[in-house]
Structures are given as structure tokens and as C-alpha cells.
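One chain, chain A, appears in both complexes that follow, with chain B as partner in the first and chain C in the second.
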Partner chain A sequence: MTDQAINTGAGRPAVSPQAVVDAARPTGVRQIDYRPDAFNPAPSRRFYFLMMTPSIVLLAGISIYPFIWLIYMSLHTVGEAGQPDVWNDFKNFTRFATDGKFQNGWLLLIKYSAMCMVLEVGLGVLLAVILNRSKLEKFLVTIILMPMMMAPIIAGLVWLFLYNGAFGWYHWLLQSIGILGPTSVLGDSDIAMFGLVAVDVWQWTPLITLITLAGLKRVPQDQLEANMVDGAGPLRNFISVALPNIYPFLLIAVLLRFMDNFRFIDAILILTGGGPADATNMLPVYLFDVSFQYFKLGRGAAVALTLLLVTIVLGMVLVKLFEDPRRKIKVHGREEG
Partner chain B sequence: MFYKPKNALYKTISRRKFLELGGSAAVALGAGSIAVGLNSVITRRPVYAASSDDAKWKQYSGSKLVFMSENTPPSFAIKEKLKVFYDLTGIEVEILTDQLPTVQQKVGIDLRSGKSDFHLNYVQDKPIGSPFADYYADYTPYLTDDTLPQDPEGYGKDVWFENFLDACGHYYSSERLVALPYDAAVACTFYRQDLFEKYSKDFEKDHGYRMEFTADTTWKNLTEFTAFFKKLKESGTDVPYGYAQHHGSFAWTTQLDIQRMMFANGRWQDFSVDDKIGSKTPGPTNWGDKQSVLIMQKYKEHADVCHPDNLANGTIELNSVYQAGKVASQVQYHEFAASIEDEKTSAAAGGKTAYAPCPKGEASWIVNGGQAVNGTNCGIGGIGINGNASDDLKRAAYIFAIWSVSKDNQLEVLKGLGGTPTRKSVLAVPEVAAARKRPTTMPNALTFDAVYDLGIKDPHFVLGPKIPNTNEYHQIMATEAQKLVAGKQSAEECCNSIKAQLDDMHDV
Partner chain C sequence: MASREIAQYPTATRRVLGVATILFVAFYLIWTLLPLLIMFLSSFKDLLDAFQLPATGDWGGAALLFTFEPTTKHYQNLFLDLNFGTYLGNSLIASLGSALVSVVLGSTAAYALSRLDFRGKNDLFFWIISTRMAPVVAVLVPLYAIFRSLDLIGTLPGLILAYTTFNLPFAIWILKGFFDNVPYAIEEAAMCDGSTRLQALRMIMPLVAPGIGAFIVLCVLFGWNDYLFSSIIGSGGAKTLPAATIALVQPQNIQWGSIMAAGAVTTVPMLFLGVLIRRYLVAGLTMGAVRE
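Let's turn to the complex of A and B:
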């Protein structure tokens, strides 16, 4: 503000406010600079760096060091209890070409993630639209959020009982309505995967609902009303107005769920352990087996590294999609990415 | 609205002071917890060969040990008796129990990283003993150390049941002894005698022989029993399915399920190595030969007439299915007899269940020229001492180990929680001998005829394979067998796939 000129009127030159203050000050009086940055000078870059150092060291310790160590392990046959690690000419990686469980693990993981994502986003958005501005919105949201509050391992145990072929309630229900044959959900290699997807959908659809609900609150009412005046029905209104407005929120939700699914293991270990017949042996389960059942840490590190890299790349693709200028949309009259 | 005391804490201590005090307390507590949690305690009083027994037991008084064990009856029973051990030795022992796969992971990380957070481990023969054998202390020098207390019965092969010491104690060499037999789970047949008797005449009309379990009942007979029950059920009779296999989530017990049938028919084994000692370089596997393909075909034929939820039932789930009255027979581990005989939880209790040896091989199924036997396998749980621990900690751990496997302890566990003794002398106790017949106060004793008198003895007993990659081997076996049972591959494809993976695993 101090450097901005004030227009004092037509034909007269512009003067700065500081000049006005200087002109009014009696001569001989010590000049005090009252600007805020005079009392609080901008710290140097070195100061910022020093302030950030503890965080950088902590981050390096808990994140960067293990990452470098992971790369190192993936290139070696890791020795145990003081034995030296042995360089193995990328064997941990080259064996992927013939490792059926690794390849099958990827296929199953992609299949599982895709099914979970489609169902969770679809149901989550539907629930959010139904709940939005309903009379019991707060109460119903609280109820719907309950599964999300449960530890995944507990959710796995609960569903293990529900699916049990001897006394499980869902087993009985599904058999009674003719969907299920004599085999239980988790005992049939053709449907066990759907059993796991159901658990994930049950537990994490509320997250999508919650995020979408937050997005729906930002949909401008005037746009909706204008659209309705133009003759749009509820579906057209949702597609043309609501969906573009909640698009950034949905992308965040998809990104969160996608990253979660790629590292998800808790309930799978409880429910199927990767079986039957490898039908649910997704890559994170295989990684767990290799590292902590077979104790082949180098091989496990190579699997983990590929999983990490693919997660990062796919995450970047999603973020890029989020930033794509062609996908920029107008919210409240402003452009938002 | 609320009562506010005049001298409330927040009035007498400034916020800054409060934060300082809180922070200091948190740091002190954290440091203290880490110090206590990460350190075992060891104190030693010198003893000599001529010292009294009491002095030898008490030489590590004031020490603290941690024992990581599976959640089996002996561990629960010994947990209850720790006061007795403390009074005898002054050593404090913390027993941590968990499911076997979790124990395997925790113990594996501890041993392989060169640590000794768990000074004593539950050494289940194949899942824990085979991969980690080299990390355990050798008992041999302690057994003859006259500055340590010793069990009056000793520790030779003859004091334990046949094969038990080899099963859990020796790996890849008979020179080192890495565990003492602590508990046992030996397979035998559990069957609903009431149902078998009821339908035996109908069965006999079709098949020309009685439907009963004896030591001569073969796997072929069992498949026919199972098919008979399935036919009855499908015709609308209210009967359970005849049998169910061990699949489900724990690969080791699936491997054991297949191994019983394979060994019974010609004493077939996975590798041509000494079964009881095992080998770090077992060489090419025998999977894929004619005998293995034939028996896997028979395994699949049996699976087709079993309980339809075969693939969902791990060992524990299968026992629940039997308890619920949904199957008429199962090959199960004898430690489960106590749960079957519990009238509060089991529909098969009250004298309905009888126990027999594992089924025998069928002569017409043997193409390798081998013998037909009652193929019986087991999980012998030993107690081992972490080799990474200090010498004094190892000695203190030894004192606990020999106490935990003593005759008196095993007898009390058997009487109390349904234990499974490993010392022969326990069976010689008149009270135990009487408990082998109904009515009994020790339900597990009902299985002793089938298990201790026949199953664990040669030529019926099969132990291995003891190989360092045993857990990967179990997973390969379980997965391929499940694919066979699910109809995803033929018996030949299954055997060839197992062969390819095992040979690749061993760089053959």
C-alpha cells in the first residue's frame, strides 16, 4: 500500500501516502519507519533451512533411508544374522518373467482394485446424492460411516463369521435365496474374490459418500435452478451441473482408494490368506509371503519396489488427469483445476 | 454448572509449567518403557558341580526370560503354573502366545536379525524348526553340565515317544539338538461311531464289507464310506457328509493332509533324503512320478465326494464342522479330542465319537513297489533356546525348558487342559492308563491307542520333508492341490507343476 500512488484529483500529480506522512511531520523529529517489515525483517534463506532441518532429517530417516535400503536389498540376496549380502545380477527382477505367482498377483490386484473402485464410486455417489439435504442427513451419515471406523482386521474377522459355511448368516441368506450353491463364498475359487470385494465395498464406500457429500455442498444452487428452468430433469441436472462440480472431489477419493487398495492386505489375510487355489493371492499378499513367510527379503524387496513404482506412476497419472487443462471446470464462475 | 475447587490444579500451576511437567513425564516414561521393554534381566550366583540342587535351580534367581509360544494347551497350562517355577528358581518368565503363523513370523524376525527378544521359542518341527534350525542354541553341552539342574529321567531318545526327539530336535545333523519335545499333535481318525453303526448294514449290502474303522481300513474304503454318506444325503436322509479334507488358509496342514495319503501308499515321499534329519540340499523332487500322479487322482476322487466346502476348511474350521455334526469323520490331530468330547460345544460328544489310526494304503494303488502303511504325520512342538542370547541367558532358558517338559508338568497339563504328552513315563501313570477307556476325565487319552501304540511308530510315521524352504514348499503344495480339488487342473498337471516349482526353488 505504501508504494501505491493515490490519485489526488484531475490534473494533479499523484503522491504516495508516505510522502503525505513525511510532509506533515515537524522538522527535527526522528523518523520512524512504521512499515510491518521494518519491525519483522524477512528471515534469510539460511534461517528457513535451519528451521526445516529437523523435519528433513526425520523425513529422510523414516522415508528416504528405507527407500534406498529397499533398492539395495532388491539387488542382493540378503544375508541373515550378520551374513554378508550378495549381489545377484538382478536375479530378483529377472525371475519375474517366469514367476507365475507374481504375474497372477498383479492381474488379481488390478481386477480387485477395478471392481472395488467402480462399485465404491458408484454406490458412494448414489448414497451421497440421496443423503444430500435429506431430513435425516446427519444421522444417516453417522450410521453409514460406522464400517469405516472399524479396524480392517476386525472387519475381516466379522465377515469371516458371516461367510462361514457352518453357521454364517450371509452364507445362509445367500443359499436361501439361491445365489450360493453348497460351497461357501470363501471356499469357492470362482467367487472368493467377490467376497473380498464385498468387504472392501462395505467398509470404504462411506468414505466416497463423505467426500462426495462435501462436494455436493459446493454445487451452486443457482446453476441447478437455472438448469431446471431450462427444462432439465434430475438426471440431466446431476450430469450437467453436479457432476462437473464434484469432479475434483471424486478424483481425490479415487486416488485415496486406489492407493489404499494397492497396499491392502489385512482382511485378505484373515479371510482367505490368498486362497483358495491362489484365487485371491494378490500382489501384496504374495509380497507378505515372500518376505515374512519364506524370509526371502531380497526377492520381497524387488516385489515391493515394483509395487511402489507402479503405485507412484499410476498416482501421478491420476494427478495429471486432475491438472489437465482440458478437464478444467468452472466452479462459482472461476476456473478450477 | 460444575463444581470448581478453590485450589484447582490449573489455578496453582501455570500453563507453561504444566506443559513442562507433562513433557518431562512423557519423556521419562517413554525412556523407561524402552529401557525395560528392550532389556532382559540376568543375574547370576555362582554354582559348582557339588552345589545343592536347590542352588542349581536358583542360580539365576532375579532373572527375567521371555518365551514365545503357540497358543496350545501346554503353554496356557504352564502360564498358570509360572508361580511354581518362580518359587523354585526365582526366575520370572513371560509367556507370549499367538497363532502359529504369527509365532513363526515374530520368531523368524528375531532369530534372523541376530536379536534375542524371545529367549525361548516354540519350535514347531517343520514351520519353525526347519527354516530356523541354525539359529537355535545346541542343547548338547547343557545336558551333561553338572552345574545345571537336570531331569532325573534324562533326555535320551528312549524317554520320549518314538521319533519325537528327531522330529523337533534334529535338523540336518544328528550332532546338534535344538529343541526338546514340548507338545505333540499327531494325526488319527475321528469318526461318528453312532452313525457308522447305524448305516453299516446298508453299506454292507452295496459293498460287501462292514462300514467301520480299524487299523486295516484303507483310503479306498474311506472314499467309499464318504461316497456312501453323500449318496444318502442326496437321497434326502438327514446325515452329515462323510468326510472333509484340510484346505483353508494354513498351507502347512494342507500339505500334511496330502502327505498322509501319499505316504500310506508305498511310503512315497517328496525327496529321496533321510526323512528324520532332513536336508539343506534335497535334490530333485519325486513329484510327477507315476505313484504321485495316481495318488493325486485318488485324492481328487475323494475330494469330489467330501463336504462341499472342502476348500474353506482349514484344520481348526474342519474341527468346528465336525463338532457341529456336519461331517461323519475326519483325520484330525489328537489334541483336538478334548474339544470333540466337550458336551457344551460339540454335537459329536457323549460317546458318539471313536478314534482309529489314520487310513492305510490300498495295495492296488501302489505302483512303486512300496509297502501299504497307516501313514501318520504330526506336528511335534519343541522348546528351543535362542542362539543369539548371551551364555547366561541360554543357561537360564535351559532351566525353564527342562522344567516345562518334565513328567509332572506334562501330567498336570493332560489332566487340566487336555495336553498331549511327549514323555513315555506319563502314559505309565495308572491314572492315565485308566483314562484311555470311557468314561474318562482325560479325553485326549482316548486317542492314545491309535496314536502312541501305532501311528507314531515305524513304518507308519512320516516326518519330513525337513528343508530350509519348508514354508514356500508348503505354499506350493497347498496351492496346487487346491487347484486340483477346484477342478482347475488335472492330477498330472498338478504333480508336474509342483515338481517344476520345487526343482526351481532348489536350483535343480
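Let's turn to the complex of A and C:
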């Protein structure tokens, strides 16, 4: 080592090379470690885990703990006002077999959701196709998404006013057209359900329209042109080119709306509260009554668990759709996904 | 669309289709706007005017909707007698507070999830989003008990925490998508220049800032529009606008004028926010699955 020879002078080889390097390093300058792995440190896992901890702890507190509690309650007859909880041999679950309101609740929830989906998808897609690339698209979309911004409970109140049998404008309108008898929309057990569907369609069709519009923007133009050169009309074009392209978007939209129907019952609670004669007593509404009107917390927990189970299964399907690599390339518009 | 560039001759079918399209859009706009319009008009009407309805089948009578003496007495009633100023403040503090908490906690967690790979990450991720999908009614009883034992019922911090239960998972989910789009190379470069990891994170924040801004607005929207939490967790001291509006619905005496005014007060700010973040709305409402 020639450096060493220069620095230490001749005839004094006792000083180690490292000590010389140390001595030559000026103080106050950042020390650089030349070990090769220092340039590319593996991401410090502890740093990342520390960043995650607060959120994870908070989420665990508000989800796992209540979940365990829910399971506990569902297995007991929860005592009211200081009474002890009593184990009841799964009675909360076995009684589902004979609980007409529970079964009816699921049927009504599915019926309601199905009606909402069909109307919302039909109207929403039609509207999106019309609006797509029209000159007024921006302006019209801004207007039609207004109901979505409204609190569901306020929307419920406004529609309660509109449906009112004495002074509601929609009541008057429906009677004037001649499709409504003397009873009000929400007072008639045959049509109350349609009244609720109308509110959901009014508020959430724009979501389907927005999602479909986002999908239509990604339909490859060359495919459309090729199809037209082959002699396809606009309808044929839509069915065989646009629809396959927007189908994954629609699927996500439908699943999301489905789960929202499980989650948001604000408008239903204020509009009918499950009536008349249980005609709109869908499962979440029934659950609300059992837990908060009759305070049968054990039974309520069992009902809640069935609702949670179905939601989680739907959620898993949804996440699988998110992760589908074929769809991801289209949706995110980047190959690496 | 390609079809625009191809000459289209106005055949009879095309003309009928064009007219049908315009009619459909016109009807849809009326259907969308009429409930909002009636809400706004009724909030400025005396109750006697608001309850005026033409006879069945009397189409000319529809003009009654617009014939009234405008009055602001319902708004005065809300803010002078019914304390709606406080409720408006509560709504604002609770929704904004929860949005900020969610974004601060959510962005650190999302950043870590975006940069770190470990076993079970997908399961953890699914669990995070499933906490948001859970039906509120299902978990309301245990949540109420937890909040009561922490002495948070009827307080604004309690309400902020309650809103965070649905805003935080949403924040992590969406923000992770934002961070995934920022190349790790930028942080590597920063760290080569001597930044610490936290400084490197600060370096890439401007890149995700627009998304985060829009996202805060969405969180405010969700908190503002919530009713179940505010009626149960916030009952007592921390009433928000939706809960206060429902309180006006009394069995014998539904105060329709004040309700419509309260509805207008609750809705108008959100309409403006909606226009403001229109570009991010689809991504937000589909939990990031669909982007414009």
C-alpha cells in the first residue's frame, strides 16, 4: 500500500491501515460506510410496521372486539337491566327456522335490491351511452349527480313529503296520471316497496352512470370502427363491443350497490320503518327493530351475524374482482397493475 | 366516436331516435331535479302555501308550486330558536376532524402497506376493507358499549372517532392506490442524497397531494351525511345536522317548513363539494376500483 508508506513514513509498519484511514478522516464531515450493502439497505421493516401500528390498533379495537362481543351475545339470552346473560344452546340461531319475519326479511331485502339493481343499471347505462361524448356531457353529469350528494336521511324526509297523502306533490302527480288509488304510496302494502325503490333509483342511478361513463371512455375505438366497417349498427356495436368492455365495471357497481343496500337503511327507516304490515320489513330494518326497539340483543346479534356473513362473502367476491389481472390492466390503465 | 366522422344522413328513424333521446334526457333531468326543487321552494314557503295542492287531474294547477310569498321564517326559526348554528358547527367539526384523523393515520399506514411486502399482506388488506363493508346496524350495539365505557357518548371526540371507523379503512384503501403510483426510485434517490426515510416520505407527499385533497373532501361528505352514528353515538351533546333534522319529525306535529329548510342547509354545501371533486368522485365511491 503506497498510501500507507507515504503517511507513516518509512520504517514504521506497526500502524494498521485502518487506523491511518481513521486519522485522515476530517471530523465534522458525514462518515460514509463503504460496505456494499450500505448503498442499498433493505427497507427497514420496523419503520414500516411502526407506521402501520396506530391504524391497525384502532381498526382492531373497532372491529375485532365488537365482533367477538357479537358472537358472545348471539350465543346467550342477553339479560336486560343488570340481569346476567344466560347460555341458551344456540336458540338464537335455531329459531331462524320458525322466524317468519327473519325469512321474510331476507326475501324482501333480495327483492328490493334486485328491483333497484335492474332499474338503476338499465337507466344508468342508457343515460351513460347517451351522455358519452356529447357536447353537454360535463354540464349534464354535474346536474344528475346531485342526488348522490344528499344525506340519505334527508332524501328520505324529502320523499316522505312528496309521497304525503294530503299535500305531497308526487301523490298528486301519480293520482293525476291515474296509476295511484286513494291510499298514499307508503300506506299501501302492495306499492310501498316500489315507493322505496324509486327513492333508491333516484339517488343512486347517477353512480351507475358515472361508472359506466368511466368504462365507456376505455372502449377501444379501433374495435368500434372495425365493427362498423363490418356493417354493424349502433345497437350491435354497443352489445358486441362496448358491453363486454364495460361489463367488469358494471359488476363492481352492482356489488357495491348491493352491499350499500345492506348498510344504509336511513331512508327506509324514516319512510316506512318496515311497514305497512311488514311489507317493507327488510332484514336490516328487522335487525334494527329487534335490537333497538325490543332490546333483544342476543337475537339481534344472531341476525347481525348472518348479515355480516353474507356481506363478507360479497366483499370477497368484490376484492377478487378488484384483483383480477385482466380487468386491472383495463381499469388502472397500466400494465404492471 | 368514430361514427361522428362518418357522414350521417337524417333518415326518419334517426330523427325519431334523436327526439326520443332528447325527451328521455329531459324527463330524467326533471325526475332528478324535482325533489330538490320542491325542497328548496318549500323551505321558502309559508306552511299554508306549502300544503296547497291542485285537484287531482288539474294539470294547470301545477303552477301552484311556484305561486307563493317567499318567506325566510323557517331559516330564522332554525338558527334563532332551534339552535341549528351549534348543530352546523358540530357537523363541521365532526366531519372535518374525522377526515383529518383518517388522512393522517391512513396515509402513513397506506404508505407502509404500499412499500412493504410481507406474508399475509393481502389478508390484512382484506380485513381492513371489510371493516368498512360491515353493516353499521350489525355492529352498533357493541360499538355503543365500547364508546360508553370510554365516556365518549354525546361528545364531539366520540363522534370523530365513530366517523373514523368508516373513514379510516376507506382512507387506507384509496391512499395505498395513490402511493402505488409513485415510483420507489424517487425515495431511493432522496435517501442517496442523505434523507432519512421520513424525509423521503415528505419528498413524495406533493405527488399524492391532489388525490389526498379530494379524498379529504370525500371523507367530509361521508361524515356529514351520516345519520345512524350521530343519532346513537352523538346523542345528547353532539347532535349533527341530520340528527337534528330528524328531531323535527314529531308524531303529532311534523314541522315540514323547518325540515325542508334544514334539508336545504344540509344539502347545499355538499352539492358544492360534489362539483369541486367531480373528477375523483368515481374513484372515491367505488373504493378506487374504477378511475376516470
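Points to keep in mind about this one:
Keep this in mind: the second predicted complex is superposed on the first by the 262 of 337 C-alpha atoms of A that agree within 3 Å, B and C clash if a C-alpha of one lies under 4 Å from a C-alpha of the other, contacts with A are read in each partner's own complex, and residues count from 1 in each chain.
One rule holds for everything that comes next: a contact is a pair of C-beta atoms (placed from the backbone, for glycine too) under 8 Å apart; a residue touches a chain by one contact, two chains touch by 3 or more.
These figures come from a predicted structure and were not determined experimentally.
Residue contacts after overlaying the shared chain place A:L196 against neither chain B nor chain C. Look at A:I252: by the touch rule set out above, it reaches chain C but stays clear of chain B.
Of the two partner chains, chain B is the only one that A:A277 touches; chain C does not reach it.
Applying the stated contact rule after C-alpha superposition, one finds that A:F167 touches each of chain B and chain C. Look at A:A304: by the touch rule set out above, it reaches chain C but stays clear of chain B.
Of the two partner chains, chain B is the only one that A:T183 touches; chain C does not reach it.
Chain A has more of its residues touched by C than by the other of chain B and chain C.
When the two complexes are overlaid on their common chain A, residue A:L75 makes contact with neither chain B nor chain C.
Contacts of chain A with chain B, set against its contacts with chain C after fitting on chain A, overlap at residues 166-167, 292.
Of all the residues in chain A, the ones that touch chain C in their complex are 30, 39, 43-45, 47-49, 51-52, 54-56, 58-59, 61-63, 65-67, 69-70, 73, 123, 126-127, 130-133, 140-155, 157-159, 161-162, 166-169, 172, 175-176, 202, 206-207, 210-211, 213-215, 217, 221, 224-225, 228, 234, 249, 252-253, 256, 259, 262-263, 265-266, 270, 284, 287-288, 291-292, 297, 300-301, 304-305, 307-308, 311-312, 314-316, 318-319, 321-322, 331-333. Taken in their complex, chain A has these residues touching chain B: 80-82, 98, 164-167, 181-184, 186-189, 272-278, 281, 289, 292-296.
Interface residues of chain B, counted against chain A in their complex, comprise 101, 104-105, 108-109, 111-114, 131, 135, 247-251, 308-313, 317, 320-321, 324, 326, 388, 469, 471-472, 475, 478-479, 482-483, 485-486, 488, 504. In the complex of the two chains, the chain C residues touching chain A come out as 1-4, 6, 21, 24-25, 28-29, 31-36, 38-39, 42, 50-54, 56-59, 65, 105-106, 108-109, 111-113, 115-116, 118, 124, 126-131, 133-143, 145-146, 164-165, 168-169, 172, 192, 194, 197, 221, 224-228, 241-242, 245-246, 249, 256, 259-260, 262-263, 266-267, 270-271, 273-275, 278, 281-282, 285-287, 289-292.
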